[in-house]
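Two complexes are shown next, each including subunit A; its partner changes from subunit B in the first to subunit C in the second.
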Partner chain A sequence: MDTPKRILVACGTAIATSTVVAKGIEEALKERGISSVMIRQCKASEVRSLVDGVNLIVTTTPVPTDLNVPVIQTLAFLTGIGKEEVIEQIIEALKD
Partner chain B sequence: MSSVIAELLQPSCVLLQRTYDNPEDIIRAIGNELYKAGFVKESFAQAAIEREKNLPTGLPLAGGINAAIPHTEIEHVIKPALGLVTLSNEVNFQNMVCPQEAVPVRMVFILALEQPKAQIEMLQEIASVLQNPELVEKLLQANTFAEVITELKK
Partner chain C sequence: MEVFLTTLQAVMDNLGATVVLPIIIFFVALIMGAKPGKAFRAGVTIGIAFIGINLVIGLMWSSLSGVAQAMVTNWNIQRDVVDVGWPSAAAIAFGTDVGLWVIPIAIIVNLLLLVFKVTKTLNIDIWNYWHFAFIGSMVYMVSQNLAYGLIAAAIASALGLFLADWTAKAVQKFYNLPGISIPHLATAPGVPFAIFTNWLIDRIPGVRDWKVDPDTIQKRFGVFGEPVIMGLVIGLVLGVMGYYNADQAAVLILQTGMNLAAVMLLLPRMVQILMEGLIPVSEAARDFMKKRASDREIYIGLDSAILIGHPAAISSSLVLVPIVILLSIILPGNRVLLFADLAIIPFIVALFAPLMNGNIFRMIVAGMLELGVGFYIATSTAPLFTAAAQNAGFVMPEGASQITSIGDGFLWPQLLFTKAVDTLGVFGLVLVAALLVVVWALYAKNPTKWERIAGAPEE
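Up next is the complex of A and B:
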C-alpha cells in the first residue's frame, strides 16, 4: 500500500481559515477519488517544528521558505478566486 | 442558505453602513458589542487588534468589494458568535497571504470561535458569502438587521 501523503495546512491561529482550507482540500481530493491523504492543521509559527515527513504545505499566511517542502500560499479556498487552479497544483505536488 | 451565520448574528453586533478610520476602531467597536452581549471576554477586542497587526485578515474578493475576517485565540471567547460591520468608506486592512499589501475593505466579519477547528459550518458559510459578489453587494446595501438576515437566508 502507498504511504499516505501528508499535507500541513497553516494559518495564523489554526482555528479559522485553516479549517476552511483543510475541509476544502479534503472535499476536492475526495471528489477526484484521492483518499490516501492526511491533513493536519497548524499555526504558521508551528510549521517549522511539524514539517518532518510532510509532502506539501498549504497556507493562507506567510510561512518560512527554507523548509525543503513545496509551499502553496493561497486564499482560494476562502475567496474562490483561482480555486480550480490551486486544486490542480495541490494534486500535482502530491505526485511523486 | 446561510442559516448558521443568520443564527449567530445578534442585532447589537451588526453595525451597518458605518464610517471608521482604521481596522482598530472597527474591531474595538464590534468587540465591545460582543463583550456587552456576553459572547467574549473584555480582552477580546485588544487581542483581535494585536492579532490583526501581526497576522492580518484582509481578503481581496472576486467582485471588487473586499472583506476582512478578524479573529483571535479561543481563550478570549465565552461562546461562539459573529459580528458584522459594513462600511460606507473603504478601510485598509492588510492582505492575509501577502501582509505588505493593503486591501481596501468594506465588509468585516468578526469571528468569535471558542474551539479550535470547530464551527466549520459557520466558517464554510462565511467563505460562501465571500465567494458570492451579488450577496456581498446586497449586504453592503442593507440598512437594517432584518434585511441582512433576509439576504443571508435567501
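Up next is the complex of A and C:
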C-alpha cells in the first residue's frame, strides 16, 4: 500500500470555509476511487508550523509562498464555479 | 400567526435545540432541493455538534468561572462575564427560536433586494447567517417577542448586504478577489473605526508616517497565532492569579492551564461538525439562490475567513492579542474576562486593511479602538447574551457568571438593535430600518464616493 498523500486545507479559522473545502475534496476523491489521502484543516497562521510532510496545500486565503509545497488557492468549493477544474488540479498535484 | 408561534415555541422549549434543530435543518434542506438522505444526515450531524459544543462549553465554564470568582476574592477584580468565543455564539444564535428561522428569512430578504436591484450581493455564505440570528436572538431576549426578533434578523441580513456592497470594491482590489463581497457582520462593522482612525492619524505630524513590517511581527509574535499554546499560557496565568493561595495550588493551576488548552483545540473541532452538517444546506441554498438571481453582474458574498491569511491581517492581530488582554485588565468598569475569542481578532481587523493600505500600525490602533469600546458594549449586553444561550438550550448554572464573546458581543450592531428595541419597542425596529434605508439611499446616490471612503482605489 502507498503511503497516504497528505493535504493541508487552510482558511482563516480552520472552521468555516476550510471545512467546506476539506469535505469537497474528500467527496470528489472518493468518487474517483482515490482513498489514500489524509486531509487536515488548519488556520492560515498555522500553515508554517504544520507544513512538514505535507504534499499539497489547498487554501481559501493567502498563505506564505516559500514553503516548497505546491499551493492551490481557490474559492471554487465555496462558489461552485470552476470546481471540477480545481479538483483535476488537486489530483494532478497529488500524482507525483 | 401569534398562536402558531407561541405553540411552536412551547414545543421547542421542551425538546431543545439538539432535537429541534436537526428536524428544522432536514426540512429546510429538503425545501432547498437537497436529497433526502443528505438532508437527514445534515440534520443529525448538527444535533451532534450541539451536544459536543455543550460539553466543551461546560468544561470551559467550570474552569473559567471558578477562576473568575477566585479573582474577585483575591484581587477585587470583577471579571465575571466570561468570553465563550464566537464558535459558541454561532451555536447559540442558530439554536435560539430566532435561529431556527434565520436561513429562509435571510434568503428571502436577499432575493427580494436583488430583484429590486437594491443590492448587488448574493450572500451564499449561509454559515454566517448566524450573525443575523444572533442580533435577532438578542432582540428577542430584550423584547420577549419572537416576531421582533425575526424582523431584527431580517434587517440585520440587509445590513450585511449593504456593508458588503459598500466595501466590495475595496475588498476586490486590495485582496485581489474579483466578483467577491463580504457580507460578514463581524468584519464589516469595523469600517467606521478604520475611517475614524485614518482621519485622526492623518492629523498627527510624524505619526502619520509610521509603518510596521509584517514579517518581523509574525516572527516575534508567532505564538499568539497558535490557539493551543495561547490557551495553555492564559490558563496558567489565570490559574496563578486565582489559586496562588489555595490548597493544592499547583494542581489547580496546572489543571486550569490544561483545561483551557483543551478548550482551544476542542471547541473549534465541535463547531467544525456544525459546519459540516450545514454544508448540504448551504450548497442547496446556494444553488437555489443562484437559480433565482438575475443574470446581471452580482457579487458573490463570502466569509471573511478568505481574507484572514493576508499578512497584514495576521500580523496586526498577533500584536492586538496581548494589547486587548491588557485592556481587559486595566479598563475601569469592564467585567469581561477575555479568553476563547482572542482567535477572532483577524476578522475584526480584516476590512481595515484596504482603507489603511495594509499599514499594520494603523490597523492596530483601529483595532484597539473598536475592541476597547467593545468591552463596554459586551459588559452591558451580557445578560441578553446569557439569556439567549439559555434559550438555545445551553446549560448555564443558575446565578453564575454571565457570558459574551468578541464576535459579536463586542460589536455595535447588536447594541444598536437591542437599545433601540429596549427604549422604543417596535418603533425601535422601524427606526433602525429607516436608518439603514437612508444610509443606503445616500450610498446609491453617489456610490463611487462612498466606496472610496471605504478604501476603494481611485480609478
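We take it that the second predicted complex is superposed on the first by the 96 of 96 C-alpha atoms of A that agree within 3 Å, B and C clash if a C-alpha of one lies under 4 Å from a C-alpha of the other, contacts with A are read in each partner's own complex, and residues count from 1 in each chain.
Assume a contact is a pair of C-beta atoms (placed from the backbone, for glycine too) under 8 Å apart; a residue touches a chain by one contact, two chains touch by 3 or more.
Only a predicted model underlies this, so the values are computations on that prediction, with no experimental measurement involved.
**Student:** When the two structures are superposed on subunit A, do subunit B and subunit C clash or fit side by side?
**Tutor:** In the superposition, subunit B runs into subunit C.
**Student:** Go through the superposed model and pick first if A:Val63 touches only subunit B, second if only subunit C, both, or neither.
**Tutor:** Touch status of A:Val63: second partner only.
**Student:** In the superposed arrangement, does A:Thr74 touch subunit B (first), subunit C (second), both or neither?
**Tutor:** First partner only, subunit B.
**Student:** Where does A:Gln89 make contact in the superposed view: on subunit B (first), on subunit C (second), on both, or on neither?
**Tutor:** A:Gln89: touches no partner chain.
**Student:** Just one of 56-64, 74-82, 254-262 or 398-406 in subunit C runs into subunit B once the structures are overlaid; which is it?
**Tutor:** Once both complexes are placed on chain A, subunit C clashes with subunit B in 398-406.
**Student:** Report, in rising order, the residues of subunit A that make contact with subunit B in one complex and with subunit C in the other.
**Tutor:** 12-17, 19-20, 23, 41, 44, 59-62, 75, 78-80
**Student:** Mind pulling up the subunit C residues that touch subunit A in the complex?
**Tutor:** 87, 124-125, 127-128, 177, 180, 218, 222, 225-227, 268, 271-272, 275-276, 279, 282-283, 286-287, 290, 300, 302-311, 314, 318, 343, 346-347, 350
**Student:** Any idea which subunit B residues touch subunit A in the complex?
**Tutor:** Those in contact with subunit A are residues 51, 54-55, 57, 59-62, 69, 71-74, 96-99, 111, 113, 115-120, 123-124, 126-127, 130-131.
**Student:** So in the complex, which bits of subunit A are touching subunit B?
**Tutor:** Within the complex, subunit A touches subunit B at residues 12-17, 19-20, 22-24, 41, 44, 59-62, 73-75, 77-81.
**Student:** Quick check on the complex: what are the subunit A residues that touch subunit C?
**Tutor:** The touching residues are 10-20, 23, 41, 43-46, 49, 59-63, 75, 78-80.
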